[in-house]
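The following blocks contain the structures, represented as structure tokens.
Two complexes come next, and they have one chain in common, subunit A, joined by subunit B in the first and subunit C in the second.
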Partner chain A sequence: MKKDLEINSEEIDILKELGNIGLGNATISLSEMLKDEKIKMLVPDVSLISLAEVPDLVGGPEKPVAAVFSRAIGEASFFLIFLMPEKSALNIIKALTEGIREEFCSLGRSVIREVGNIVSASYLNALSFLTDSAYRQTPPILAIDMAGAILGTIFAEASIIEDSILMVKTSFSTEVNDIEGCLIIVPHGEGLKKIVDILGLELKK
Partner chain B sequence: MSKVLIADDTAFMRMTLKNILEKNGYEVVGEAEDGVQAIEKYKELNPSLVTMDITMPNLDGIAAIKEIVKNDPEAKIVVCSAMGQKALVIEALNAGAKDFIVKPFQPDRIIDSLKKFQ
Partner chain C sequence: MITQVRIAEVVVQRESGLLITVGLGSCVGVGLYDPVTRTAGLAHILLSDSRQFNGKSSNLLKYADTALPLMMDKILKEGALKKNLVAKIAGGSQLFKYNITGGVSNESVGKKNIMAVKKALLEMSIPLLGEDVGGNYGRTMRMHVASGQVEISSLEGYIKLL
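And now, the complex of A and B:
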């Protein structure tokens, strides 16, 4: 574990609240897309874990998932990963195409990419409002594969070389359309410190 | 009938916008998947209205708006993006966009906006 990644309980609370408000905003967007279906959100989980353990947070390395990945660039830099089980992704495609598509065809993949884009952007909109600073987002990339393979590729693409990463995971679920998933925020380097600093708090050295 | 160019990198969003527009009497004359295509298609098709996403590969929507407005100061461009941050809205309007719609949106919001520029 790297010393500069150490985090105290106050900072964990800040990140939890950011996860809460950010995904709260994102689930409003998702709910509007799903014709106002109620979306249940869990308390955000802030963890400092080894890269190898990350797939376990989403059901294990062999779980088939759909992931939409992008990078946020602003006062702080971090990665946004919108992840859901394959079954939930298929249910979203079915719901948003009104039953016309139920597979990962090119239109189906485009649906998931756009949902991931809107959810990630909604998170950034909330963060921008809270910190009074602007964030840009790279065009999201969609991958459908086993969780371990996808996360490994994302961490390689993101050039994450640390053994451990600090991440904020917020999970949600719906009943009518049977959809569950999560948004994972992986701060990049100084990203976390800057977010906490912007909110006027000193990060423990 | 107003001719519209849709610029969005997601096929699903282009299809959704096209359905909304065509149901309301607009003619979608072209679709662009990034900012570069948006500039090229604007020159080629001379649409009366453009819907423009911001986060797109190769060239983002704000850079595309600046280039289109530079060549045609009368261009009527409405931004349609999930990035609803105040600073980005101001940047897009300063670049020459006429309106800014945050995704997800209701079909009426799109039509109400476009009607203002006919």
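And now, the complex of A and C:
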């Protein structure tokens, strides 16, 4: 199992690119929703870590977060997790409802689910365009709870059997509305090799 | 001494201190305790059944059916006596309304985990002294090594003593 997951530096670069391409597009969508607020995007972070270490990557297992999960199915299969601290989620709700709501009521939850949906879909559009293949996205589902509980549930439900997990995490932040968060991409099953193959090929052209 | 027990880990400690496992969603935290020798063990179980995965995974502490016997070995080695052991469990909730892989299933992963943990405890003849399972929220489990008392908390401030 371990052997399959070994990645070299060229593959890491390709995976970083996978984070870059898509999220550039996704942050434009988010910026439009926030009335053209400038969004700062960080260099994607590629890590191969044990399941136990994953929650530390998003601020610790007990940190309250909102996470929108969906699965992308196409030539390669992977998970998309749009995750942000609870406070940022509340700030998004406040910004998009123009101050009418600032809580996780049913409208508030819909707002977050929809933002996650748009960000993930923009990401997949960019990826589809670049690799010339279509991706289908499962309907987004939302949970607001401890980061560890949410990520653990995702790994359990997805029956992740590997002991280490590869994640491409791209973080973003805004100043005016004080929103920060990240999009996490987790290649699933054969997804990793396929993504590297497809993108490796495309990038070398 | 405070010791964190992370996903797919087992920790055993004697006499004093605190064992904590944070962020149990569908995962189940299992505490074993021998009140006579004051030996405590805590596990953070991710999945129910290792046989489903054909030995593809090398970390057997992930699964209820393999982690619990391993935890039992570990706690007995630390000096606990099998006849004294009792168990307390927490977690196994369902955070997402729908099955995340898109399939429809009557049994959430959380429920399967709870059943698998109870089955393993029964097979090892360890009485289940307390539980706080199910629901739709994450939990943190704190086990006091000196007393065997277990505290469950959630983000909402829900607190229960086991």
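Here is the rule we use: the second predicted complex is superposed on the first by the 198 of 205 C-alpha atoms of A that agree within 3 Å, B and C clash if a C-alpha of one lies under 4 Å from a C-alpha of the other, contacts with A are read in each partner's own complex, and residues count from 1 in each chain.
Note that a residue touches a chain if its C-beta (ideal position, glycine included) is under 8 Å from a C-beta of that chain, and two chains touch if they have at least 3 such contacts.
Please read all numbers here as calculations on a predicted model, not as lab measurements.
Engineer: Sticking to the clash and touch definitions up top, decide whether subunit B and subunit C on subunit A clash or fit.
Structural biologist: These partners fit in the superposed model.
Engineer: According to the stated criteria, A:Tyr123 is in contact with first (subunit B), second (subunit C), both, or neither; which is it?
Structural biologist: A:Tyr123 contacts neither subunit B nor subunit C.
Engineer: What is the contact status of A:Ser106 with respect to subunit B (first) and subunit C (second): first, second, both, or neither?
Structural biologist: first
Engineer: Given the touch rule stated above, what does A:Thr138 touch, subunit B (first), subunit C (second), both, or neither?
Structural biologist: It touches subunit B and subunit C both.
Engineer: Quick one: is A:Phe172 in contact with subunit B, with subunit C, with both, or with neither? Answer first, second, both or neither.
Structural biologist: neither
Engineer: For A:Ile150 in the superposed arrangement: first (subunit B), second (subunit C), both or neither?
Structural biologist: Only subunit C is touched by A:Ile150; subunit B is not.
Engineer: In the superposed model, does subunit B or subunit C contact more residues of subunit A?
Structural biologist: Per-residue touch count on subunit A favours C.
Engineer: With both complexes superposed on chain A, which partner does A:Val54 reach: first (subunit B), second (subunit C), both or neither?
Structural biologist: In the superposed model, A:Val54 contacts subunit C only, not subunit B.
Engineer: Which partner does A:Glu32 contact after superposing on A: first (subunit B), second (subunit C), both, neither?
Structural biologist: So A:Glu32 only meets subunit B here.
Engineer: Which partner chains sit in contact with A:Phe82 here, subunit B, subunit C, both or neither? Use first/second/both/neither.
Structural biologist: Touch partners of A:Phe82: none, neither subunit B nor subunit C.
Engineer: Rounded to the nearest Å, state the minimum C-alpha distance from subunit B to subunit C in the superposed three-chain model.
Structural biologist: After superposing on chain A, subunit B and subunit C come no closer than 9 Å at C-alpha.
Engineer: Both subunit B and subunit C touch subunit A; at which residues?
Structural biologist: Common interface on subunit A, subunit B vs subunit C: 138-139.
Engineer: In the complex of these two chains, what residues of subunit B are touching subunit A?
Structural biologist: Touch list, subunit B to subunit A: 9-13, 15, 55-57, 60, 81-88, 102-104.
Engineer: In the complex formed with subunit A, which residues of subunit C make contact?
Structural biologist: Residues in contact with subunit A: 6-9, 22-27, 46-47, 52-53, 56-59, 62, 93, 95-102, 109-110, 113, 137-140, 155.
Engineer: Under the definition above, what is the set of subunit A residues touching subunit C in their complex?
Structural biologist: It is residues 1-2, 51-55, 60-62, 64, 69, 71, 138-139, 141-143, 145-159, 161-163 of subunit A that touch subunit C.
Engineer: Taking the touch rule as given, give the residues of subunit A at its contact with subunit B in the complex, in rising order.
Structural biologist: Result: residues 29, 32-33, 96, 106-107, 110-111, 113-114, 117-118, 120-122, 124-125, 128-129, 133-140 of subunit A touch subunit B.
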